[in-house]
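Below are structures written as structure tokens.
Two complexes come next, and they have one chain in common, chain A, joined by chain B in the first and chain C in the second.
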Partner chain A sequence: MKCTKCGGRAVIDLKRHNSGFCKEHFFEYFENQVRKAIDEFSMFGLRDRILVAVSGGKDSLVLWDVLMRFGYQADGLYIDLGIGEYSSASSQKVRDFVLARQANLRHVSLEQDYGYGVPEAARRLRRAACSPCGLSKRYIFNREALEGSYDVLATGHNLDDEAAVLFGNVLRWNTGYLGRQYPVLEEDPGGLVRKVKPLIRLTERETAAYAVLQGVDYIVEECPKAIGARTTLYKQLLNDLEIQSPGSKQQFLYGFYERGHDSFEASRDVALTPCTECGQPTTREGLCAFCQVRSRLLTVRA
Partner chain B sequence: MPASQNSIRVFMTIPQRREWELHGRQSVRKILRQLDLNPEGVIVIHHDTLLTPDEMVENGMEIEVRSAISGGLP
Partner chain C sequence: MKCTKCGGRAVIDLKRHNSGFCKEHFFEYFENQVRKAIDEFSMFGLRDRILVAVSGGKDSLVLWDVLMRFGYQADGLYIDLGIGEYSSASSQKVRDFVLARQANLRHVSLEQDYGYGVPEAARRLRRAACSPCGLSKRYIFNREALEGSYDVLATGHNLDDEAAVLFGNVLRWNTGYLGRQYPVLEEDPGGLVRKVKPLIRLTERETAAYAVLQGVDYIVEECPKAIGARTTLYKQLLNDLEIQSPGSKQQFLYGFYERGHDSFEASRDVALTPCTECGQPTTREGLCAFCQVRSRLLTVRA
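Entry: the complex of A and B
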């Protein structure tokens, strides 16, 4: 296959764009897509301080790498979730990345800083690990961004992540979640930091390809707690559709952003109050969901 | 295990480590079809570059088929 732009040997085929690119022009395409998402949704400017949530996986490290290449003030936030070997390996990938690029990293350990790890929380709460994991990450992302006075929190969610979540939300008609699914979630004066997803124009295959070709060393192994997750099934279903009908995933997602999202936005109007324990914003009276779960975990142990 | 001159060595590390030994010149597309893998969900790595589905693979070559689908969200 030849590069659509220069006729050289292509390293990737992009059926949804009816194109193939050599390494140099793939980098150009990839970075243009990130720039386009940032501009289209007015995500941030060069003066903004960005906190990038990194897991050691391809998407978040690629996002951090690209934002630094563009000259943005982007620091990383890594949360050690206490998932044995997986957390040790992912933490090492992040440390190597930071060292190689002289980047700034905020490091939080769920076990050391909050008194529990994800496997223990899942066992004690008798829930799937993704439930306490997601709750803890969302809480710590917001808290760290506020404490560090960052203007925006950026995550590595890509086109496949967002299309799979949209598919799940539509299957169940989760109108509240549909109202919150957008590339930008504006800050709330009640204490929620602005959140953005600059990789939403790129597929997982494209971020994996960019990582390999650009030498971004990421943890290839899957989180052992996420194996069998429903979003993985949705991604596989959407990829089966994509192979038969290239461009379906982006049409589904972009169509929702352009013509569907606004219809659900009213569903997200909720008042926030400070948690009586930690002061972080919550929709509940008294303790926020995070403090409630943490208190239960620490009490059960005592 | 290095690739033998008489075969193509194909390996994956996730979701679990798997290896295959294939024989004879064939395209990446044909290899993925034999392994029942959707080209949309993987990248194919040879040395430090990527192979497109039409690329031909010869005996003596070693390729990694790497899943691009991650289950947990960042």
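Entry: the complex of A and C
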């Protein structure tokens, strides 16, 4: 296959765009897609301080890499979730990245800083690991962004991630979640940082190819706790659809942003008050959800 | 497997309900589901005259059968679409049904009454057969219902049909179609008859089982023109999902009726005027879409 741009040897074919690209023009394509997402949704500018949530996986490290290439002020945030080998390996990938690029990293350890790890929390709460993990990450992302006075928090969610989550929300017609699923979540003056997803125009396969070709070393293994998660099933189904009808996945996601999302405008008029324990914003009286779960975990242990 | 109701030998298992039924209790289950749909959406009452659009397939004949069993005033409408062997075989199934049950049938032949058949129309218009077929059926359904002074037109669309159409509409975020997809479409005083779908709570497999067990003979072959249609692909994907997560399909469809549909309220405030050719309602100036296509077909031939 030949590069659609220059006729040279293509290193990747993109059926959804009916195109193929050599290494150089794939980089150009990839970076243009990131720029397009940033511009289309006015995600941030060169004066903004961006905190990139990095897991050590391909998407978040590629995002951080590209943002620095573009000249943005982008620091990283890594949370050690205490998931044994997986956490130590992913933490190492992030440290290597930081050293090679002389980047700034904020490092949080769930066990050392908050007193519990994800596997232990899941066991004690008798919940799937994704439940305390998601709660803890959302909390720490926001808290770290506020404490570091960042303008915006960026995550590496890609087209496959967002399409799968959208599929799940549509299957259950979860209108509240549909109203909040968007590439930008505006800040709430009550204490919620602005959140953006600059990789929504790129697939997993594309971010993996970019990482490999650009020399971004990442942890290939998926989180061992996420195996069998619903999102994985939805990704498979959408991949089956994509094979039979290339372009369906992006049509589904972009069509939602353009025409679907506004139908589910989130009722974000809930007042936020500071948590009586940590001072972070919450819609509840007293403890926020994070502090409530954490106090339960620490009490059970004592 | 045992019948969930009586412990007798089950003839069918329904994973989505975590149940199995013997013949007698399957009939009870099936008919209860039809009653539930009719009641939930106030589709019609015993005083209403119902016109059932029948194709000779399992769904529409089962619907007609059940409505007569319930004591409703239900007549049938069969349209011979001129699709060779398929049309003659399906027409025969409908005639057999009518004879056995002494039912009333309205019979329309697209070729004899309107001057063209579906395959010929598709060829001349250079469109997939489903396009002129759908247009013709929608037109004739409405016209026959009005001419026969029926209160409501009922079609045999089942849970699989509706979930697949919904999936297609959601994949493209076709908000106009989403606003009009509902088990009841109210009449428009401008000349559109009320339309209802009483089988939305039952799957294809269940209507097929009911037909076989109840002795309703139907044409098993799918329409030869519909092979490879998008809806078939969507049905397959939803069936894959259903296998891995039983109940997903009904959750998707019922959840849409309960929580999704209202977000897409159709803008039905378009004024209808009579077509200058046939007098049937249309949103256009002059000829309605049906008469426009028909005149094109008849002109090309002349």
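In this section, the second predicted complex is superposed on the first by the 298 of 302 C-alpha atoms of A that agree within 3 Å, B and C clash if a C-alpha of one lies under 4 Å from a C-alpha of the other, contacts with A are read in each partner's own complex, and residues count from 1 in each chain.
What we mean here is this: contacts are C-beta pairs under 8 Å (C-beta built on N, C-alpha and C of every residue); 3 or more make two chains touch, one makes a residue touch a chain.
Model, not experiment: these values are computed from the prediction.
Of the two partner chains, chain B is the only one that A:G20 touches; chain C does not reach it. Of the two partner chains placed by the overlay, only chain B lies in contact with A:A208; chain C stays clear of it. In the superposed model, A:L171 makes contact with chain C only, not with chain B. When the two complexes are overlaid on their common chain A, residue A:F256 makes contact with chain C while staying clear of chain B.
In the superposed pair of complexes, A:D240 makes contact with chain B and with chain C alike. Within the superposed three-chain model, A:D80 lies out of touch with both chain B and chain C [touch as defined at top]. Looking at the shared chain after the overlay, A:E221 reaches chain B, while chain C stays out of its contact range.
Measured by the number of chain A residues touched, the leading partner among chain B and chain C is B. Legend: residue contacts after superposition of the two complexes on their common chain; A:E144 is shown touching neither chain B nor chain C. Where the contact sets of chain A with chain B and with chain C meet, they give residues 240.
Chain contact summary for the complex, chain A toward chain B: residues 1, 10-13, 20, 23, 53-55, 57-60, 130, 133-134, 155-157, 160-161, 165, 203-205, 207-209, 212-213, 220-223, 225-229, 231-232, 235-236, 239-240, 242-243. Residues 13-15, 38-43, 45, 48-55, 66, 68-74 of chain B touch chain A in their complex.
Interface residues of chain C facing chain A in the complex, by the touch rule stated above, are 170-173, 175, 230, 233, 237, 240-241, 244-245, 248, 251-252, 255-256, 258-260, 263-264.
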